[in-house]
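These are the structures, in structure tokens.
Same chain, two partners: subunit A is paired with subunit B first, then with subunit C.
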Partner chain A sequence: MKYIDEFQDPELARRLLDDIHATVTRPWALMEVCGGQTHSIIRHGIDQLLPKELELIHGPGCPVCVTPLEVIDKALEIASRPEVIFCSFGDMLRVPGTGRDLFQVRSEGGDVRVVYSPLDALRIARQNPDRQVVFFGIGFETTAPPNAMTVHQARKLGIANFSMLVSHVRVPPAIEAIMSSPSCRVQGFLAAGHVCSVMGMGEYPGLAERFRVPIVVTGFEPLDILEGVRRAVRQLERGEHTVDNAYARAVRPEGNPAARAMLEDVFEVTDRAWRGIGVIPGSGWRLSSKYRDHDAEHRFQVDGIRTEEPAACRSGEVLQGLLKPHECEAFGTVCTPRTPLGATMVSSEGACAAYYLYRRLDMPAGKTREATPVV
Partner chain B sequence: MCLAVPGKVLDIEERDGTRMATVDFGGVVKEVCLEYLPDLRVGEYAIVHVGFALQRLDEESARQTLELFAELGLLQEEFGDPWEAAATEADEDAVEEVRK
Partner chain C sequence: MSDTTAAPTAVPAAALDIEAWTCPAPVRDRPRVVMGHGGGGALSAELVQQIFAPAYGGEVLAQMGDAAVLSLGGARLAFSTDSYVVRPLFFPGGSIGDLAVNGTVNDLAMSGARAAYLSCGFILEEGVELDVVTRVSEALGAAARTAGVQVATGDTKVVEAGHGDGIFINTAGIGLVPPGVDLRPQRVVPGDVVIVSGAIGVHGVAIMSVREGLEFGVEIKSDCAALGGLVDAMLAVTPDLHVLRDPTRGGLAASLNEIAAASGAGVVIRERDVPVPPAVANACAVLGLDPLYIANEGKLVAFVPREHADAVLEAMRAHPLGADSVIIGEAVEEHPGMVVTRTGLGGTRVVDLPLGEQLPRIC
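And then the complex of A and B:
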């Protein structure tokens, strides 16, 4: 347990780990859904502290990674137009589209701006009434309510030069798709805590029952993850499959009702393609017809974009937990954070990036890169 | 982007019919929208994501999380300059071009 002293409360970590080791009697595979959890796990070597029978499979919970190439290409095209100020969260800048990224669009003269909040983009729209301001609205259920509120505000305040390129995704249909795949090995889920802070836990009992998997709502600090794992393996060993909340300090069963109501007003559920995975029915949100005026796809007519994924990139398998990043041929050689082939290598929550930045072990033969210097 | 950071409400005001707060994230102060947690008070803590308070948090867990995030450099990732970060990741040529 060589990394354990880095934990915030090493004593508690040790107790949780002892309990997990004492509980596990046979092999189990758990999926952590959230990319933030993946980073926490790899950064702290949590997977290496767990019993060897227990495997953590990394899930598709990185919004930057799963945003389809087609949407990135639409963003690049819109951002290149001279009349547009294109606003985005910082972590989308280096996500590769077909041939380039937002960072390059800016160096070619595009007005690309990074904002901390979607409301900043709305402010920019008010300050620049003669320009078109477009916000790149991606993310899971945690990010969707702020974006929904921003569109709602734009309409309420009559800010006509503001629109949003929306590509939101939802977790429960992804869990359903993963469990329905014939190659699925997942036996339990650590559900993403902050998604549940908004949505509550109501969407999970049906899934836990139908697929007979424990679903434990989990935070993403190291101790939270150990506690989530402990509760999940306890259920597995007892043959139980219920929904449990290991993140009660931030998750109420009903979530945030005001945020959920806004989501329902501004968005409607739609089928959504996940980068590298394909279309998952009902797994996304788009602006509802009431807000169509603020839909950037309508405003800029960016249909008919042809996309091309790099053939070498296997991020689809990584995102479904079928392949560990270092098992990809391109990992650490052709594909690095400087020269990413897939979004999973460039996103701060991507599994490939996590392995590249923190993993010292398990590198395939011939790739002996010393890890760490985290920028 | 998916990181939600706990912060402490310093003060609250109405703006354009919207409840806004000034929130302190371990030294970094930001504007935060309270529309989703309208009864949050000055001095209380909440989990904040991309400028919106999403759920209340008690002081002790907020403080612990903030300390941990600071230690791990996550606050820098969340509030630092993303252009700089993108530039360090990009090829030298691209960096040059942006500087021009």
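And then the complex of A and C:
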């Protein structure tokens, strides 16, 4: 695919790497906010090619990882009901709630379906007027607009048997929480390009100024990431801290006004719990009261479900960049994709999963691999 | 403003105690079968090793190849069975009828045998149109004739409406393994060259495009084909091929991992040499899937002694089903039992056995 190949060109990558090596004079720690960036960094071995002084810290931007246990449990409860067709993006099916996941609900007879768009769920609702169709609306600013539009459509078309279990999260409050922590080591951010393509860049100058960190809007292909790193370390070396757009082919400063208008119509900002992290004020969206009829929590009366998250793993620290996945004692031993302790080992964009899948060659003995059976 | 998903009292961001942040809750054991148990990855292997093999396994089953090689009356027979549950029944480039023949023929071919006879068991769902049964049967017959194999015996069962998916087919096949041919992963040694017979990921993406109603800009046709002739052409160069696999469920990654684990050798592939058609790469990029894990139906991967590699490659390229054959890597002494790819940028990463099925990601 030409369009993607252009952004994986080894020659251009080498030039960017040379420039980064020539620029870096001392240790720096950058956080890539988005799990898609983490995945790309590890999958292409980019971190192996950067100067050793430059540390990439993996941020909390994996929507699957940060969806709270409580919401997963609500999803499991709703999906178990015989009258419900529960629709979700694929990678949510493997995420553990308390004791089980959506795959297990399906194996017990629940009608759980993988869809590729929330509009697919709306179509299913129209085709099954005698069933309740619920869409699992999670994710960052990227997935929120189409989900908002779907609820808007359901309302407009009078599709009363459609509702959404909403657990959307917003990036800027998470950056604020990370930078406010006394143990924070992050000195600069690679902001998630697709988030900014929706929301624009207006939320970032205040953060860059307040915490004196460069924030570079960055894409997901290898050259995008290298260019983002290059611009961030240039700022750091010069003592600058501005917001810079290294993903101009997709991101306009004002974002996507139509998408933002849809968000404002359907959602309202709320406090939100992040799995493994805790409650971050103003970090989420929920359906506004105008759309309460389509709120699955309300419709199925699961808003009373409260779940205590046991302190079984350290992925909260991984999500914060305080710990590399392989530095966790459980990594690769008791915690593997087969036996995950936390969502970061489950999601395809989770930092622990990325390390486990791609980087075990570099791990110390004893953390190399579980005994994988052979067919 | 509080949220119903949040703990009762939200704390100011500045006061968050990051050291205390945790993440929970494993699903370590599953009391029921989940889809991943049929995905050709680690969950499938677990089912075989923990339930099937202890219950009825023996010396022959322990070979765990695509086909079992049996000594019978002085001959070496290859014997294999497979069940086909594809949805939809007809897809670009083939149908469940083609698959039911080619899949089993290919399992036999991977042991070096040319399939001779097949059995065919139909499980039909009440209500399926006889016209559909006819079309599937005709496709099955045509595929058998193309592969040069006879359907020798069959069976039909009907299940109540709602208890099947239209048509399920099971086929079993037998064939003769030529003298001097001994294909198994234990023969792989460092230095062996890894060859694939053409573009990967095509079948899986073709099925996905019709099953999920996804449009990828261009029609992608399944590569479903019988590989007996291609294997014959390779064996004509040398009977000393070390191992062959058709990378179906779990894709190229699963086949390479099985070979690495069973042989004890390490495997290195070069990502840029793996032939991924643009349409497949495009579809995978959109869905967040890795082409290495996507199913194929008309491709093989071969581990060939280095001294024979060029001649075998030439013979493969001379065959219509191997025209795009290419060397993608080699077996190595390092990292025994593991598969590693060199990325296009010069880094490395592990290519693991998939857990179950690949799941399209959220964004």
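We take it that the second predicted complex is superposed on the first by the 351 of 375 C-alpha atoms of A that agree within 3 Å, B and C clash if a C-alpha of one lies under 4 Å from a C-alpha of the other, contacts with A are read in each partner's own complex, and residues count from 1 in each chain.
By our rule, contacts are C-beta pairs under 8 Å (C-beta built on N, C-alpha and C of every residue); 3 or more make two chains touch, one makes a residue touch a chain.
The shown structure was predicted, so the numbers you read here are calculated from the model rather than taken from an experiment.
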item: Joint occupancy of subunit A by subunit B and subunit C, clash or fit; value: clash
item: Touching partner for A:L119 - first (subunit B), second (subunit C), both, neither; value: first
item: Partner chain in contact with A:G99 - subunit B first, subunit C second, else both or neither; value: second
item: Subunit B versus subunit C as contact partner of A:A248, first or second or both or neither; value: neither
item: Per-residue touch tally on subunit A - higher for subunit B or for subunit C; value: C
item: First, second, both or neither for A:S107, with subunit B first and subunit C second; value: both
item: Touching partner for A:T270 - first (subunit B), second (subunit C), both, neither; value: second
item: Touching partner for A:Q320 - first (subunit B), second (subunit C), both, neither; value: second
item: First, second, both or neither for A:P63, with subunit B first and subunit C second; value: both
item: Touched partner set for A:L12, first subunit B, second subunit C, both or neither; value: neither
item: Partner chain in contact with A:G139 - subunit B first, subunit C second, else both or neither; value: both
item: Stretch of subunit B penetrating subunit C in the combined three-chain arrangement, among 8-16, 44-52 or 80-88; value: 80-88
item: Subunit A positions touched by subunit B in one structure and by subunit C in the second; value: 8, 36, 43, 63-64, 89-94, 103-104, 106-107, 114, 116, 139-140, 142-143, 194, 337-339, 348-349, 374-375
item: Subunit A partner contacts - residues on subunit B that touch it in the complex; value: 1-4, 16-18, 30-31, 33, 35-38, 47, 49-52, 54-55, 57-58, 61, 64-65, 67-68, 72-73, 77, 79, 82-83, 85-91, 94, 97-98
item: Subunit B-touching residues of subunit A, taken from the complex the two chains share; value: 8, 34-36, 43, 61-64, 89-94, 103-104, 106-107, 114, 116-120, 139-140, 142-143, 145-146, 149, 153, 156-157, 194, 197-198, 221, 249-252, 256, 258-259, 262, 337-339, 346, 348-349, 374-375
item: Residues of subunit C defined as touching subunit A within the complex; value: 1-7, 9-14, 16-28, 30-36, 40, 42-46, 48-49, 64, 212, 214, 254, 257-258, 261-262, 278, 281-282, 285, 287-288, 335, 338, 340, 343-350, 352-353, 355-356, 359-363
item: In the complex, subunit A residues that touch subunit C; value: 1-2, 4, 8, 10, 13, 36, 42-49, 63-65, 68-71, 74, 89-94, 96-101, 103-104, 106-108, 114, 116, 138-140, 142-143, 167, 173, 176-177, 180-181, 183-184, 194, 222, 268-273, 275-282, 284, 286, 297, 303, 309-317, 319-320, 322, 337-344, 348-349, 356-361, 369, 372-375
